[in-house]
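Next, two complexes with subunit A in common: one pairs it with subunit B, the other with subunit C.
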Partner chain A sequence: MKRFALAGNPNCGKTTLFNSLTGSTAHVGNWPGVTVDKRDGVYKKCAEPVAVIDLPGIYSLSPYTPEEVIARNYILDEKPECVINIVDATNLERNLYLTTQILEMDVPMVIALNMMDAVERQGDKIDAKELEKRLGVPVVKISALREQGLAELMDKAFNESQKERHGSTVLSDTALAHLINDVRIALSGQNVNNPLFHAIKLVEGDEIEVAMHKETVPMVEEFKKTFEDDTFGTDFEALVADGRYKYISKYFAPVLTRKNKEKFKMSRSDKADKVLTNRWAGIPIFLLILFCIFHLTFSENFLFISTFADWAHSPLPTLEDLGLLTAEGEPINYGVRWLATIYDGTIYSPGVIVNNIWNDMLVGELFGWIGGLIEGSGMAAWAIGLINNGIIEGLSAVLSFLPPILTLFLFFSILEDSGYMARIAFILDRMFRRFGLSGRSFLPMIMGFGCSVPAMINTRTLADEKERTATVRVIPFFSCGAKLPILTAVAGAVMLHFAKGNGSADLITYAMYILGIVVAIVSVLLMRSTTLKGETPPFIMELPAYHMPQFKNLMAHLWDKTKHFVKKAFTIILASTIVIWVLTHFGFDWHFLDDEQINDSILAGLSRLIQPLFTPLGFGSQLGTFGWVFVLAAVAGLIAKENVISTFATLGACLIAAGVPELNGFTSDVIYADETGIQAVLAMIAATGITVPGLISFIAFNMTTIPCFAAVGTAKSELGDKKRFNWTLVFWIITSYTVGAIVYTIGSWWWTLFIWAAVAAGVTCFIVFYNKGKIKIKLPKRAK
Partner chain B sequence: MPIVFAPINTPLKIVRIIADDKTKKHLESLGLSINNSITVLSASGGSVVCRVMDGKLALDHNLSTKIFVA
Partner chain C sequence: MQKTLDQFAIGEHGTVKHVGGEGKIKRRLFDMGITPGAEILLRKRAPLGDPLEITVRNYELSLRITEAQCVLLDVADITTAGEAAK
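The block that comes next holds the complex of A and B.
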């Protein structure tokens, strides 16, 4: 099959075109650097099916970041049959800079002039025919988003792929032409592919190129000595860049006729940026937006309406006040059940309403019905137990968390699609610089709120190796979607059990998110001043024009997320719930145990073995007979964080069956019917007598410890170096242990705050003095 | 003068860039190359937002003291 590669500047619409051509739903966003790996699909409407390869965006063929290397190497080494160079017509000259470099290779190419609709909306015109004549390769006007001109583009590309094309350069009129030609002839003599391209890169002194053609370098240097330029001296790469831009503005730029001759008019984007990237207003606006997102997703007090009503001394009536509940506290009819998803003395925010509808009306009903069916099916007791308590409980616990995850994700997609993300990176850069990172690393971090896996892959957009390592290590602290259920379940239980419902569980959730960020900041500071010292890399980023988020795009994001989530629920999470169920129902002698004998199970034994380790964190030896449940849940979380709460649910049912006296008020039906996981946590609290600091420490530990299997695997491949990866694991363990211990001890005995503060001050002083050279330690030399 | 001090909303010509090779090459491919035109849109607290060709670029304080215009 023929392969057509899509190459172009970041954020010029490659992935949108890729999706339109192949019917995929690859992630698209309005900021440079969304695509960091190549991916392929098939276009079927040509004479024969062709493979389409989407490459990460590149500004030039001299790569700056790891993901740019991927794109360059693909075009050079894999030799696609045709390169489709996507040119953002709204920024023609800058985009053609890359074009002039691809032209130098011996590969067939076609130019796709994208975003023509935006150009024409401004009243500007581009003469594509003239551009085609001047470039010497076909130029097709397209709109990737509206799927216009795609058939013509692919036909032209197919046509070109049957021909051969020899590289041509725009530098043949410059003073360098002679030098380039000599090097090209020398390289052709060595049978090098794409001799013209390599010749020019050698003249530029490109790092990769110099390493590749060591034997030719002395010759080039010899040639260079005979050369002198007034402005540039011997700065050959600047000279080459200047040559390209001069040619572009002289021959290519005139194909664009502007309606508005005055070049520096403020666009609407510029006006928005005046406010949004303002030195003083930028960060407060960002925090406000973040608060609104959380409020819309989690708040049970929408726009604080019921608070205002209380102030006005006319509190909103609850459903009970209205006489809509039966004596048992159940809604009197079906209509009221729907009403209860929206209102109960307080108006819920949209995120909570969606959550209520999904859980109370859909998932709860469905799983309740299936459970009843299996209960009455007359199967063996252990089979019913496995299916109902193991599989169904695990699945429903996981699926019930889909709504808040999707709502949160939707808001982040809107931020991403509108173009605001790139601005946040910019306004945070100044702050990040103090911690030793550039604002660029903010983008992968915020992706971490969704899922650590794509976030870690996205660190490829960071040019500096040490900044990358530090960022990969702290990404799990940005609490991902799967950790959210742990937060809400434990926070809800804490409020119900200890504060008797007088308090706001979402406050604990916010606080934990903030704690994660604080831990990230502190550990970055520590790493950047000890093991990962280095200069903070420069911040250079393109700010794309703002646009309305595309509905189609947002839905594609949500669909992708849902697919990923459901797939995970039915594979790794399903498998691990079954394993946990089996291990809690068999003893070391491999005899089946009833629910009552859970304390003799394999898992109980193993967990009890390591339980004492967690004593300083508040969920170790002090918890007594059943204290191991927290340890077990945390370990299950290493497979997938969703397991933590579903493990609680499974264990809760077993403990009730075991007749633990503290659990008298609980029934397993209540636990299974409660999708939020709060009842399960309440059962754990009752059975173990864990304290509030212990619970908070438990969530803090889960948030900052080794992430799930998938994320660990990603970290391993992204970090590359084995030693660096092993240290990353150690780092996660130490960090989570320390954070948990701090939370627990300070929460239990407030005066330990002073001890921790003293330790922190001591460590800080030591690092500062050590870095100044005032303290010297002799490190043992490693044997070779 | 470095672009941090440059007048805003005025097209200026880049005359000199002091940066390490890798950064300089990246700047060049973004259009920040000697002889090219640049317009500073805002320079608050050292960070600079500028227009180069038809694109908008954000640069940190350190970098913007190293790009000289005339």
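The block that comes next holds the complex of A and C.
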């Protein structure tokens, strides 16, 4: 099958084109650098099916960022049959800069002039025929979004792929032409592929090329000695870049005729930007947006309406007040059940409503029905136990978290698609620099709230190796969607058990999110001042024009996420749930154990072995015979964080069967989200007598420890270096152990605060002392 | 009059004369279109004073003050286009 590679600048509509061509649901976003790896799909409407490869968005083929190297090596080594270069017509000059570099390779090429609709809307015109003539390769006007011109584009590309093309350069009328030509001829003599491309890169002194053509370098240096330019001296990198842009301004830019001759005009996007990144309002607006996202997703008090009602001394009536509940607290009819998903003395936020509908009306019904069916099927007791208490409990505990994860993810997708994410980096860069990072590392970090895996992959947009390593290491501290169930279940249980329902579970949840961020900041500071010292990386970043997020793209994001989540629930999580259930229901002599004999099981035995290790964290030896349940949940979490809650559910069911003391006044219909999880935690509290600091320390430990299998695997491939990866694992273990211990000891004995403060001060002094005289701040040289 | 980009006032614009800086930073500035002859308008400063937002080659780019110090420009005469940004 022929392969067509899509190459272009970040944010030029490349991924949208890819989706339109292949009908796939690849990730699309309005943030420079969303596609960080290459993906492929199949386009079927040509003479024969062709593979379409989506390369990462790049501005140049320089050797400085991993993405540029990926794209460059793909074209050079894999030799696709055609390169489709997408050019954002609204930003012609900069986009064509990359084009001039791809032109130098010996590969058939077609230009897709994207966003033509936007250009024409402004009343501007582009003479595509003229551009085609000047570039020497076919140019097709398209709109990836409206799927216009795609068939023509692919036909042209197919046509081109039948031919052979030799590289051409726009540098042939510069002073460098002779030098380049000499090197090219020398390389051709050595039978090097793409001689023109390599020749120009060698002249530039490109790191990768210099290492690749060691024997040719002395010759190039010899040629270079004869060369001197008035403005640039012997800065060949500058000469080449300047030559390209000069040519573009002179020959390519004139194909665009502007209706509005003004050089720097204000667009609608600029007006929006004036407000959103305003000197005074910028940061408050950002904080407000973040608050709204969390409010819309999690709040059970939408727009604080019920709070206002209380202030006005006319509190909203609960369903009970309205007489819509039976004596047992159940809705009197089906309609009221629906009403209860939206309202109960307070109006729920959209996120909570979706969640209630999903859990109470769909998943709960379905699993309840299946459970009933199994119960009445007359199967062996152990089989019923395995299916109902093991598999179904575990699965429903995991699936119940799909709505909040998707809602949160939807909001982040909107921020990304609209172009606001890039502005957040712009606003926060100054702050991030304090910690030795750039504002760009904010995006991977906040993506970590959704899932660590794409977040870690996204760190490829960071050019600086040390910044990347530091960012990858702290991403798991940004509590991901899968950790949310742990938070809400434990927080809900703490509130019910210890505060008798008078506290705020949300407050604990928010506090834990903030704890994660604080741990991330502290550890970045520590790393950047010890093992990962280095200059603050540059922050030269495009701020894409704002636009309305596309419904199609948003749905693609969500569908992708759902698929991933459901697949995970039914594979790795299901499997580990079964394994855990089996190992908790069989003893070392492979005898089936009833739920109440859980303490004699294989897993209980194994977990007890490592239980003492967690004593300083408050969920170790002090918890007695049942104490191992927390240890086991934490260990199961290393496979997938959803496992913590599904393990809770499995173990909780056993504990309840084992007759743990009655659950303190637990009423099931007032609690948001996962009744199963909270019930399980309550059972575990009752069985073990764990304290509040112990529970909080348990959450803190889970939030900061080694993330799930998938994230660990991603970290390994992203960090590349084996040693660096091993240290990352050590870092996660030490951090989580320390954070857990701090939380537990200070929570239990407040005066230990002073001991920890003394330790922190000691460490700080040591680092400052150690670094004294060694810190060299290298500022870029001032021009002139 | 010549000055470096970090000394520009908001709404001021000029033509790039010279780009300094070292290896990576200079290359990045070039790749993003900041080459001699390019026209640059300083649009705004971030809420905390740094980085800066500029318009170059008809798109918006952000860069830090330390990076802007590498760019030397010829300041344009009392600006008509600059008014638009105010």
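Operating definition for what follows: the second predicted complex is superposed on the first by the 751 of 784 C-alpha atoms of A that agree within 3 Å, B and C clash if a C-alpha of one lies under 4 Å from a C-alpha of the other, contacts with A are read in each partner's own complex, and residues count from 1 in each chain.
The rule we apply is simple: contacts are C-beta pairs under 8 Å (C-beta built on N, C-alpha and C of every residue); 3 or more make two chains touch, one makes a residue touch a chain.
Here the structure is a predicted model, which means the values were calculated and not measured.
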Clash or fit, subunit B versus subunit C on superposed subunit A: clash
Partner chain in contact with A:Glu93 - subunit B first, subunit C second, else both or neither: both
First (subunit B), second (subunit C), both or neither touched by A:Ala463: both
Touched partner set for A:Thr277, first subunit B, second subunit C, both or neither: both
Which of subunit B and subunit C A:Gly376 touches, first, second, both or neither: neither
First (subunit B), second (subunit C), both or neither touched by A:Pro218: neither
Subunit B versus subunit C as contact partner of A:Met541, first or second or both or neither: both
Common interface residues of subunit A - those touching subunit B in one complex and subunit C in the other: 59-60, 62, 64, 90-94, 97, 231, 237-238, 241-242, 245-246, 263-264, 270, 273-274, 277-279, 426, 429-430, 433, 439, 463, 538-545
Residues of subunit B touching subunit A in the complex: 9-11, 17, 19, 21-31, 33-36, 39, 41-42, 44-47, 49, 51-63
Footprint of subunit A on subunit C - complex, ascending: 4, 13, 18-22, 24-33, 35-39, 41, 43-51, 53, 55, 57-64, 66-67, 69-72, 81-82, 84-85
Residues of subunit A that touch subunit B when the two form their complex: 59-60, 62, 64, 90-94, 97-98, 204-205, 207, 231-232, 237-238, 241-242, 245-246, 263-264, 269-270, 273-274, 277-279, 422, 426, 429-430, 433, 438-439, 463, 538-545
Sites on subunit A touched by subunit C in the complex: 59-60, 62, 64, 90-94, 97, 231, 237-238, 241-242, 245-246, 249, 262-266, 270, 273-274, 277-280, 282-283, 426-427, 429-431, 433, 439, 463, 538-545, 779-784
